[in-house]
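Residue numbering begins at 1 within each chain, and the chains themselves are lettered A, B, C, D, E and F in the order written.
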């Protein structure tokens, strides 16, 4: 499952997914992926803390467009990665 | 994974924006095409279940009545997710309604994982 | 090869999601995937307005949509109900402000695409 | 008597604020106040679209704006920059989808109203 | 000062006004008034708790449109009151 | 109360919606008409001060450069309000910029009370 999260309303994300459900069956392939886009990029650390079992990624173009620092701490991905992620992690849910 | 199914998530309060109406029209459109539709009210979407909304007097098309009519349009299931925070306002609305099946968040997650297509409004 | 069906329900100015959709489609095409259709719903129908003045120095979004259509063959489908509510279609006719690259259609055009039993079909909303 | 200057920068469908503005103006007029102008900016310019199909059973917002203009004499001013970005005005000309009750104007028409040294002038944004 | 608050982003309201400033000079006429409209109506109690020194009102039409219970606890006002409030409490700030 | 003055509050992050641009254009319009404009970045608006935004490469009109050019257009004052919560991301941005005067929330409140007209984006 891939969640494209574009909002700053973290409660909305919490109402959709619980951290316990982010890693089903202990199978790493079943991990939920949360991709922060748009306004959500400012909250990627809070989101990572909120969902430690999920894989939390950030869209590189948006992150750089905002002028935020490219540190090792943040996992930035390109559009081509987003395409692959979408294929490998259906359903894709945009929130 | 089963095809021919769609999950629609409605996350906004009614009347103050177009999202609740957009979600309903998408559900009807999907059902018309023969897709099996599961419709889930969550987050602020639960407020759509307030049955005594003053929509008639204010000349607004009733969201509640449209949700209530879902069964006439072969919409498979109407759910509302139990709120995760203690919000007495929304809890009261959910308790006093009878048109949506109340499900825990874990069921929503199962619904999402079983879906091929999901739209969120 | 995967076939993508794209759903856009945000306005061009109010949200960056339309730009996301364009760059996503471009990346998908570059990787050899197919775009079956882009369906514009809700405020997304405003993407079809050919009179919208682009910001100086920025590539117009409309031109990019038309490029995606030209290269991939994807249909640019405009939901008639949403377009009527926003005055882009009136009495069943497209206003002259609607780009000719777009087709006015019903929601069935989008949902019947999802109906097909294709495991390689992925739908994404922007 | 107070004179109100109204600023609307939200779209008719996306927000209830336009309805708030209409009912506010109606209440102000009923109380004997004056509406000097309603200035439509940002997504608010979509209120001027005369082809937008109203929801069945609902009173069209456009008709209510025109009533406010008729009763109060308030100008319905459309910001040209915002209208151009959204394809309602092109090359300086109103599209035929723009209601004739609206006047296309610059931001100066709004801000010069605020400039007047009138303690009885109140500006409100919706 | 009248604040028309239409959002559910309470942090935005907090970034604009502090409760200490809601009652200036101990003059009751200088009280800040917060009018909850649109999505903010669902949060009028949280807003009242957050700004105990402010006067917190709710637009009646929106409250009834949402179908919320008309209790003594909530101070509902009509459009004509909104007009008067706007005249008496300039500037009017819409958030 | 002094007339001929306007206060503009810009509360949104840049680029992801049109609000930051709308606020800037309103400020320029007001200044052109001879109004004395005070422009305040607050809440997510403070993110507009990130000077190394990748807008050029992504062909977006730079919000930061437009704010920086405010003094050329006789815009009286550009302020940014110190965030009320401890947000290191925004604090870093505010500390490393030089174009906006940093003010505490109490100053914003004084600005609002002294204003006759206020627009928020």
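Everything below uses one rule, namely that contacts are C-beta pairs under 8 Å (C-beta built on N, C-alpha and C of every residue); 3 or more make two chains touch, one makes a residue touch a chain.
Keep in mind the model is a prediction, meaning the values are calculated, not measured.
Peer 1: Using only Cα atoms to place each chain's centre, name the chain farthest from chain E.
Peer 2: C
Peer 1: When contacts are scored as defined above, which chain pair ends up with more C-beta pairs, C-F or A-F?
Peer 2: A-F
Peer 1: Taking each chain's centre as the mean of its CA atoms, which one is most distant from chain B?
Peer 2: Checked the centroid distances; the maximum from chain B is F.
Peer 1: Take the average of all CA coordinates in chain B, do the same for chain C, and state the distance between these two points in whole angstrom.
Peer 2: Each chain reduced to its C-alpha mean, chain B and chain C end up 25 Å apart.
Peer 1: So, what's the distance in Å between the C-alpha centres of chain F and chain B?
Peer 2: That gives a centre separation of 39 Å.
Peer 1: Note the residues in chain E that touch 2 or more other chains, in rising order.
Peer 2: As it turns out, chain E has residues touching two or more other chains at 6, 8, 38, 61-62, 90, 92, 94.
Peer 1: Considering chain B alone, which of its residues make contact with at least two other chains?
Peer 2: 1, 15-18, 60, 116-118, 120
Peer 1: Using the touch rule from the top of the page, what residues of chain C touch 2 or more other chains?
Peer 2: 13-16, 43, 55, 123, 125
Peer 1: Which residues of chain F touch chain C once you look at their complex with the stated criterion?
Peer 2: Per the touch definition, chain F meets chain C at residues 15-18, 21, 59-61.
Peer 1: Quick check on the complex: what are the chain C residues that touch chain F?
Peer 2: 13-16, 55-59
Peer 1: Show me the residue ranges of chain F that touch chain D in the complex, using the header's touch definition.
Peer 2: Interface residues on the chain F side: 1, 3-4, 6, 18, 22, 25-26, 29-30, 32-35, 116-121.
Peer 1: In the complex, go through chain C and note every residue touching chain B.
Peer 2: 7, 9, 41-43, 81-82, 106-108, 110-112, 114-119, 121, 123, 125
Peer 1: If we count contacts the way the header does, which residues on chain E are in touch with chain D in the complex?
Peer 2: Within the complex, chain E touches chain D at residues 4, 6, 37-38, 59, 61-62, 78-80, 82-84, 86-87, 90, 92, 94.
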